[in-house]
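Shared chain: subunit A. Partners: subunit B in the first complex, subunit C in the second.
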Partner chain A sequence: MSTVELRDLRRTFGSVVALDNLDLDIRSGEFVSMLGPSGCGKTTALRIVAGFEWPDSGAVIVDGQDVLGQPANKRNMGMVFQSYSLFPNMTAQQNVEFGLRVRKQSHERRAKRASELLDLVGLASAMSRYPRQLSGGQQQRVALARSLAIEPKVLLLDEPLSALDAKVRVQLREEVRRIQLELGITTLYVTHDQEEALSISDRVAVMSAGRVEQLGTPAQIYSGPRTAFVANFVGTMNKLEGVVMSSEDRVVSCGPIKVIVPDPTFIHAVGENVELYIRPEDVAIELLPVGGSPAPGYFEGRVTSLTFLGPVTRVGLRTDIGALLADVSSAVALNLAADAPVAVQLNASSLRSLDASPESQSAPVS
Partner chain B sequence: MAQVSASPAAPAALSSHRLRRVRSRVPVWHLLWLLVAAIFFLLPIYSVVQFSLEGTLPGQGVFHWYETVFDDPMFRSTFWLSIQISLETVAVSLLLMVPTVFWIHLRLPRLRPVMDLITILPFVVPPIVLIVGLAPMLRKFSWLIVRPEVLALIYVVFALPFLYRALDAGLRAIDLRTLVEAAESLGSSIPGTLLRVILPNLRAAIIGGSLLTVAISMGEFTVASLLGFFTFPVYTYEIATSTAYEGVALSFISFIFVWAAMLALYLLGSGGRGAAGVAITD
Partner chain C sequence: MALSEIAEAGHRTDVLAGTKPRKQARNRRWAFLGVVPFFAYIAVFLLIPTGKLIVGAFTTTTGAFTFSNIASIFHAPYPAAFEFSVELSALSALWGGIMGFLVANAVLHHGVPRWVRPAYLSFSGMAANFAGIPLAFAFTATLGNLGVVTILLKHLGFNIYPSFSLQGLLGASLVYLFFQFPLMILLMIPVIEGLRKEWREAASNLGATSFGFWRHIGLPVVTPSLLGLMVLLFGNAFSAYATAYALGISNLVTIQIGQFINGNNVFAPQDAYALAFGMIVIIVITIIIYTLLQRRSSRWLK
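For the complex of A and B:
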């Protein structure tokens, strides 16, 4: 098992900065996902680790050794690509054996290893099939087996599930995680799918504009976003605009509503404009009877939309502090209709004030 | 009993029904147009065959002119020389073009328009102009200009547009970069990747390009004649000017050879492993 350190990686394409002094440490046997929107530099970083791109400056350290001087074919890193990358002229078994043939291993050893790995990915019966005779999910399974055959130091996965349909994607991501845990291989995974990243990773590096915006466990990323970007990119957030009323007590006025920000590091001068964030599941609503008024701690709103999401329904609200989204049980939502008056309550302990550019951005994250 | 007698008639009825359906689907003018095209292409060939079977004296066989051609030692020597030159042309062209086009696609895609332009030049410059321009340079290599291999070097230029386009289309049809990177990540070097992964997937393109190269080399007359080599086309011309019937028989033999070569290469190309198969969806 290997450790990987990305140090101060910078890569520009003309005037576009793809990586802006990126730092990231991956522990031995850890599954780290780089999550971000298109153009955030995550694939560039992965390709630099693989040896397909070179940075303008910085280092890629694997097990304490800078590997930037080594060509891709000497780095011993398994890679699974976004597009189907099986060699069309070879069967599944021959594809898996390819890396071992390059390493001049005996026919028996190659066949044994290919058989083990195809069995591991659940395709033992498809050994003699050509890529065109395999489904997309099966092809990516073979690609995974092929990348593992060479016993790589690090497994690199570049959006390997993005070409698959939703059901296969969920099934295969669980398999990827199961195999990673079984083999204990250090894994770097690139995706723009937050659900995918949060569900299978030990840690997630949320990337933006060539930098790691926040690195943490899936729970930390979801529950404790440190920047507005992370809050908005991972999950859904309500944004409230307010003015600081009391610096000491962290009281913020959002229109007619006053809220207390629970974060003790919230230090802003009185009168300063701030942005507060709260997730839809932290917004509670109750149907108001006709002519009724909200109880203390609640404020009034009206339903503008209802979006059924399965177990929960996302309710769009128009309130005095602006438009809000609230997630309620779908059973409760059956009683709601467009323009229905509701009492709205914010879970004050979940309110966050987030900076667009935290100081932490420039510090190495690990 | 009635069932037994009815069953042999059923397929016939079905096939005639299908035929009617096909006829009803294909407009008449499509069939007419097909017929006109067939006449356009087949009539000259029919004329060639018919002419080559005429002009014999009493006691001579129908295939007299073909027998005369096959009995002529010059036929065998010129034919063999042209085949040798064709194979040399194919070998040199492939050695030169496959790595070049591969590298341009992989690392220098911006050069593709330049290559497109360069490879059009042999179309634009007539062979006579090319050889007039080449002759002074070739004379400096007196050891080379007397060898028939020089024709292979010149035919490489003639075949360039065809081979380049075949390879270009072949490389466009595969995800070259991903395949190369996948092979590299598994430890393969670039030459190893080209040999083990890319070439097998370019088989159809290579065969197609090679076929065109053979066709060009086998039929090239101007340069061979001007440089004084007695190749198969030059021999054909000489025979045709002295004995029309024998010349026409010779033409038909060369037709047959090119068709046979095309068929062989087609069969070789279509038998690729993994080329066929059922595409499966998740």
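For the complex of A and C:
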């Protein structure tokens, strides 16, 4: 098992900065995902690690040794590509054997290894099929087996599931994780799909504009975003605009509502404009009876939309502090209708004030 | 809604539903009119002449059925003409194919500046159509008996004549190469573009060198196309006439047929039909091989 360190990687394409002094450490046997929108530099970083791109400056250190001087074919890294990259003139078995064939291993050893790996990815029965005879999901499994055949130091996956349909994607991502855990291989995974990154990674590096905005476990990233960009990119956030009323007590006025920010590091001068964030699951609503008024701690809103998401329904609200989204149980949502008056309560302990970044978008953003 | 209204609404729906397919069917019936000019052109200038040629190859001047015309193409001077046509076509196709493949690959190499590709495409488009008298003149002026290059080489101590001649196999294939090789570049570029970047990168990632990629993946994938396009070049050279005529080459099938058309050979007019029939057979075989190879390559490159 190997460790990978990306040190101060900088890569520009003309005036566009793809990587802006990127730093990232991947521990031995760890599964790290680089998550970010298109153009954030995640694929460029992965391709630099693989040896298909070169940085303007910086270092890629694998097991303490800078590998930037080595060509891709000497780095011993397995890679699974976004699109189907199987060699079309070879069967699944021949594809898996290819790396071993290049290494001049015996026919018996190659066949044995290919058989083991195709078995591992659940395709033992398809070893004599050509890529065109395999489905997209099967092709990516073979690609995974092929990348593992050479016993790579590091496994690199460049959005390997993006071309697959939703059901196969979920199935295959779980298999990727199972195999990674079984083999204990250090893995760097690139995706723009937050659900994918959060569900299979040990740690997630959320990237923006060529930098890592935040690195942490999936729970840390989701529950404790450190920047507005991370908060907006991972999951859905409501943004509240307010004015600081009391610096000591961290009281902020959002229109007619006053909230107390729980974060002790929240230090702003009285009268300063601030942005507060809260997730839809931390916004509670109750149906108001006709002519009724909200109980203390609640404020009034009206339902503007209902989006069924399975176990929960996302409710769009129009309130005095602006548009909000709230997640309620779908069973509860059955009682709601468009323009219905509701009482809204914010879970004050979940309110956060985040550093705005240029990429932050107006709430609510999915 | 009353039952009668429901029934009427249902009927209306059926009528409306039935209108569109009926209109579509009527449109389909008239759609063929668009291709009538094309098929008329093909019929008048390809099918009818071909039919007449085939009939003429198997009939006497009085219209009686015979195999003697076909038999005559196996007698002098025709076998030599077929032999030289096939040799010249094969050699120029081989040279043109290999060179076109190598240049197309070089043009698409990732290190080559972007402007090179359109420049090569423009040049190739022009050069592939540079044939006939201008081409023959260009080569006569450079590599002819008194050509610029011939004289320059003579000054340098290399007298290429009399062993070399523009009418010989080597000389004529060199002339043909001028339009064969750019044609191959034009046809080969899309084939090489069909080799996905991911295949090269995956091969490299698995430890293969560039040579290893071409040996195990690149060449096996492009070979059917490469061979298919070389077969196409063969057909292109086999049916060439003007360049050979202007160079003064006489022992080619197309030149022999031209002799009949020009009225220079009036003794056995039916031989012209037989010669043309022989050409048709060779071209049809060429097309069949090309189609089979293309089908095989498209399976991998699509």
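To be clear about the criterion, the second predicted complex is superposed on the first by the 356 of 366 C-alpha atoms of A that agree within 3 Å, B and C clash if a C-alpha of one lies under 4 Å from a C-alpha of the other, contacts with A are read in each partner's own complex, and residues count from 1 in each chain.
The criterion applied here is as follows: contacts are C-beta pairs under 8 Å (C-beta built on N, C-alpha and C of every residue); 3 or more make two chains touch, one makes a residue touch a chain.
Source: prediction; values computed, not measured.
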Checklist outcome for this item: So, after the overlay on subunit A, do subunit B and subunit C clash or fit? They clash
Checklist entry - Of the two partner chains, subunit B (first) and subunit C (second), which one does A:Ile150 touch, if any: first, second, both, or neither? => result both
Checklist entry - Is A:Gln138 contacted by the first partner subunit B, the second partner subunit C, both or neither? => result first
Item to check | Dominant toucher of subunit A (residue count), subunit B or subunit C | outcome: B
Checklist entry - Counting only touches as set out at the top, which of subunit B and subunit C does A:Phe52 meet: first, second, both, neither? => result both
Checklist entry - In the superposed arrangement, does A:Asp165 touch subunit B (first), subunit C (second), both or neither? => result first
Checklist entry - Now for A:Ile257: first (subunit B), second (subunit C), both, or neither, which partner does it touch? => result neither
Checklist entry - With the two structures laid over each other on chain A, which partner does A:Leu306 touch: subunit B (first), subunit C (second), both, or neither? => result neither
Checklist outcome for this item: subunit A positions within both the subunit B interface and the subunit C interface are 50-52, 71-74, 76-79, 81, 83-90, 98-99, 102-103, 132, 143, 146-147, 149-150
Checklist entry - Mind pulling up the subunit B residues that touch subunit A in the complex? => result 174-175, 178-179, 181-189, 192, 196-197, 200-201, 272-274, 276-282
Next on the checklist: Under the stated contact criterion, what part of subunit A meets subunit C in this complex?
Outcome noted: 50-52, 71-74, 76-79, 81, 83-90, 98-99, 101-103, 132, 143, 146-147, 149-150
Checklist outcome for this item: Per the touch rule, the subunit C residues reaching subunit A in their complex are 196, 198-199, 201-209, 212, 216-217, 220-221, 299-301
Next on the checklist: Which stretch or stretches of subunit A touch subunit B in the complex?
Outcome noted: 50-52, 71-79, 81, 83-91, 98-99, 102-103, 129-138, 143, 146-147, 149-150, 156, 164-165, 167-168
